[in-house]
């Protein structure tokens, strides 16, 4: 069995505008039953009260339900709908759709982009940001790898996770049951949930020693991190939803993926190297080729927690008008766009335990060429 | 008479932290009476109620007044204190101090950085954003060029202007006199004042035809612009304060300046070309040399007024939580920092009639080398 | 024919949480086909990029469509869905549902609450904020009065209008057709649309002289206003939707309505008088009775345009972090809640030409008693 | 020895506008050496990066220093300068100046307003929000009572404290010394510092049992609170500054003070009762008398931590665009202003351990009359 992956990047006029997807479905270029994951950037604040994520998710469920012959709610258990809020600065709202078909054709000589999804159980409020969330995520990463046909951890290039956050209601509910949540601040809970989820990836891929990890390390020991995790929290779900992107000999898609690290929010050297080393593209002199082959970048952004960047002070952590995640998305989004020449990028905020402190992982999906050395 | 220019870029811990300047004064490395201009980036919202600009200005006045033997208030008429609010994203708050001495030494063979300042009269509320402000600015540019010893418009590389805005009080005062202001919205008045000031520069330098300019062109006809104007409005003043930066045969400083355009908020190609063509530096392979020679960049940022960037939608103009100028500064600041490797950059918001719509001018100040071709 | 009106005030856990309505429908307490209007307060920013209004509207359409046997989109033309964004301060998100049945029973001796709705055609971008919008609204008010069975303008106690705003896309579209919109600022367009709509009400009810009204009066001559208009703009529609609330001899509901004015944002004396004079309730000593009879208040909030309130300066108009409408809703909402003892109030921002400058109209819906003198 | 207290409420045009104070000094109506405390409301965001507090404080130091013959910095140790940021909604920026003279005249028959101040030592970052801050505050309350000539805790009607917060820099500094701060979130540190300071007041006045208080109670056990504490944190200081307001037989001022509680953010019944019971004023029917006698109210505002208000949901704690303290100040300020008919009120955000959860203490300063029963 071979999997064939298609990737579509679709613009939108608002969180619920799926006219581009509708057009593909109408034209027969995309089949609803093939869609395994949608990774969207929506134009909310990306923080606690960002309802654009939920709104977009609902629109996707409503669009797909009649095609799949299931209820709108049941779509959640069938397709990984991961919406990341916040298109600060130059970022353009958009959706990246991953479609997958299996057939009996022989796979090609080279590894190609493969996609797998998995879902954890719903979490209790008090589990968020703690080991319970780490362990459930760790198990789900392995399920998603199996789903993708990826055997080796080194072939995993990106693990996107959507995870829950705490609302005032959830915190109160836990307190009424006599248990305490990891924080009483709703915005802060977003970071805790992202952190535990990222460490779950690191455990699953052997990047850190799962057996010695303790609650106290979460959001404290920044030396522990995954180089491929990207986690993003939202008010619209109670469990973790995972999408694993990697390379597989069992995949026959026209796409390839590679990844790297940004050491800090302005470090685009890694992206330039990744383009050159893996795809033979110099973004300065081969802008047309880049435009032709580039599909999307998936990247994490965060304000460096020590308040410093290349020796100078940044003000993101002290700003009470604009949350730090919003500043960081604006900065990383523009830095990446200035290299890639495209603003419809998946840049997601809050990189706790995702790459080094202040930096973050990125993954590039490109159209495949025979000469690619990323295989 | 030859002018000798020194440039100091000073970090700060807050809008009123001038400890770095104090240290230079104490050490005798900087003389208060030589300071002709301070261009600062302060960490407010950069919009109407940004008091960090005023706070920093007051701190500078208080610092310099005893050295100059004048009152704190009188410093305003002696030194061009231009504070630009907003250090969104990675930007680091800092001050760039320009000091100037005249002596009888012979100038060098090459043109070097020269600085000149000028001040317009105070404006009436109803003059802001209209031809009256344009004309007064036009005259002041010529005064500042003379002050800098720059004869030719082509030697002007940057004209930084600080201009007033309308407050609710000013608007009411005008109405009580029976005259109407260009807008009733305080935030919008910032754009109007920046626009008229920029057109004043364009008129002075012959970039547009001053004789045909009318009120209706201001903030309407974006084909009219200056390639070297940078205007920034603030609540703390009632007149325009101008700083002209250029190259002059009468200057003997260790610094040089060159300028270029960003076509849009992510267009860093012009900066890369400017570094290579004028200073022989490749930012990718010569990061150490760049770090050694780079002093600062002065750049304008704005959200493209048509809501589009490279064919994709941006959301800056529809965001009622964060003003568009804040988004744009975050984006342009990060894009520039990703090339220059430094975050203490002077990026100022609102580029009406400053460079092409959606883009803006930039000027690079570098330490001089004999091989510089920018002369 | 007699109309029977029911009014339900429903709490919600989020913009799309209609579980309270679902429960009423399931219990047979509310019939979908009777619903003529829903006036909701949703928890967005109430400004341009507030998608919670659209999200709530969509949820209502999805809920009602199968009951009505029509498509989700067709619900818009059948039910007046008016969502007002912004629950700043103490305000609680909620929906007020108006249901209407007609039967042949004889009406009671007293006038009772009546409801009528109407819709204008879609507006072109350049019509917003101008006389074209005024005239279309004026006609629609008369249609809605007829629909409500209200013959006399003095029996109209509240006219709620939902009106469109300009987005960057709409402005550009107009410009491409060679016409100009009333403003280029999206946030400012909200005020222009509210202003023209309110003047349409004033014209329809004879509060101002329709024949002499000109474009230049809109948002300029604050002496022209309606004492019962409440207009609120949103991104989710292209026409004006009107709900007229008043008293009619043809209505048999258990509800009554009365209205009054707030002279400024803290003027609750009018509300206290309205409670006492129309309903015989002293809110201080009869809190239990008030709680029993009070249904909802519909009120407009705005920052006084001269920047002053009772002789002191307010800072709402100079705040570039929080828009003035948000400040005003927080203030008026809390002032009203402190009298009414309830926070689920319909307080909507931006009272241009709705009551005196800085103040605004309010209407109280109460459960009817035989002793009511408001009839 | 008898103390004579004067109270001046001064408007301002901006954080540093002290022209009203200057006029009093010039006219001899106020002597700089008599000023013991200034309680200001400034128009910043009231959160971490609110530099208007610092700016106002600096302006006061600069104004008073030459009159006192000391340096500007030394004024901090001589006058309690307490600036509370945030004038959301209708609130008007202003300063309340307390001046005190001692003479040998006999005190009057009745107790009158007395004022005392005290200062703690500077705190280490890790002491904030913990018992060390509680204990130092407890001692300082007793010093301030002695300074005010107040012997009995029941004569203390308000204790205003300005306390420090954690910045990213302070947190890092502590970590570098191997110690951890109570939180890593700068905005959250404001609450921790306010909470510990309030419990220090409660301990000093015997409102709670000081001997059993532990670190774990702070910001957890909301049953522990002071009914007269008002604490407010700011970036501009490293120690606690205290102002005790009460009634004393040794005071001869023309002012009196009384206090009460708001049970929640809209509970103005207590204020109405306080006006009637202590001063014989009905705010509805005696508005002119109220206007004549009212000086200021000092009140605390907070979003109820359980997300509920009178049984309905509020959205203040889930709002990532506007911090909850800003919402709460807007609401409480408007509710109080609607009773008092004045918007220049001292409403300060964050009422942790200050009155019951979701509510807060208030104190009214009125001009004295012989008939006052508050003595």
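By letter and in written order, the chains are A, B, C and D; residue numbering begins at 1 in each of them.
In this section, contacts are C-beta pairs under 8 Å (C-beta built on N, C-alpha and C of every residue); 3 or more make two chains touch, one makes a residue touch a chain.
Remember, predicted model here, so these are calculated numbers, not experimental data.
Within the contact network of the assembly, the step distance from subunit B to subunit D comes to 1. Most remote chain with respect to subunit C, judged by CA-atom centres, is B.
Comparing chain pairs A-D and C-D by the number of C-beta pairs in contact, the larger count belongs to C-D. Averaged Cα coordinates give subunit A a centre that lies 46 Å from the centre of subunit D.
Remark: subunit C and subunit D have CA centroids separated by 39 Å (rounded to whole angstrom). Within subunit A, the positions touching two or more other chains are listed as 13, 43, 45, 49, 169, 315, 318-319, 321. Put simply, subunit C touches subunit D in their complex at residues 11, 13, 43, 45, 87-94, 265-269, 272, 284, 309-310, 312-316, 318-319, 321-322, 326-328, 330-335, 337-339, 341-344. Against subunit D, the residues of subunit B that register as touching in their complex are 13-16, 43-44, 49, 51-52, 54-55, 58, 62, 169, 235, 321.
By the touch rule above, subunit D contacts subunit A in their complex via residues 45, 47-50, 167-169, 172, 184-188, 305-307, 315, 317-321, 323.
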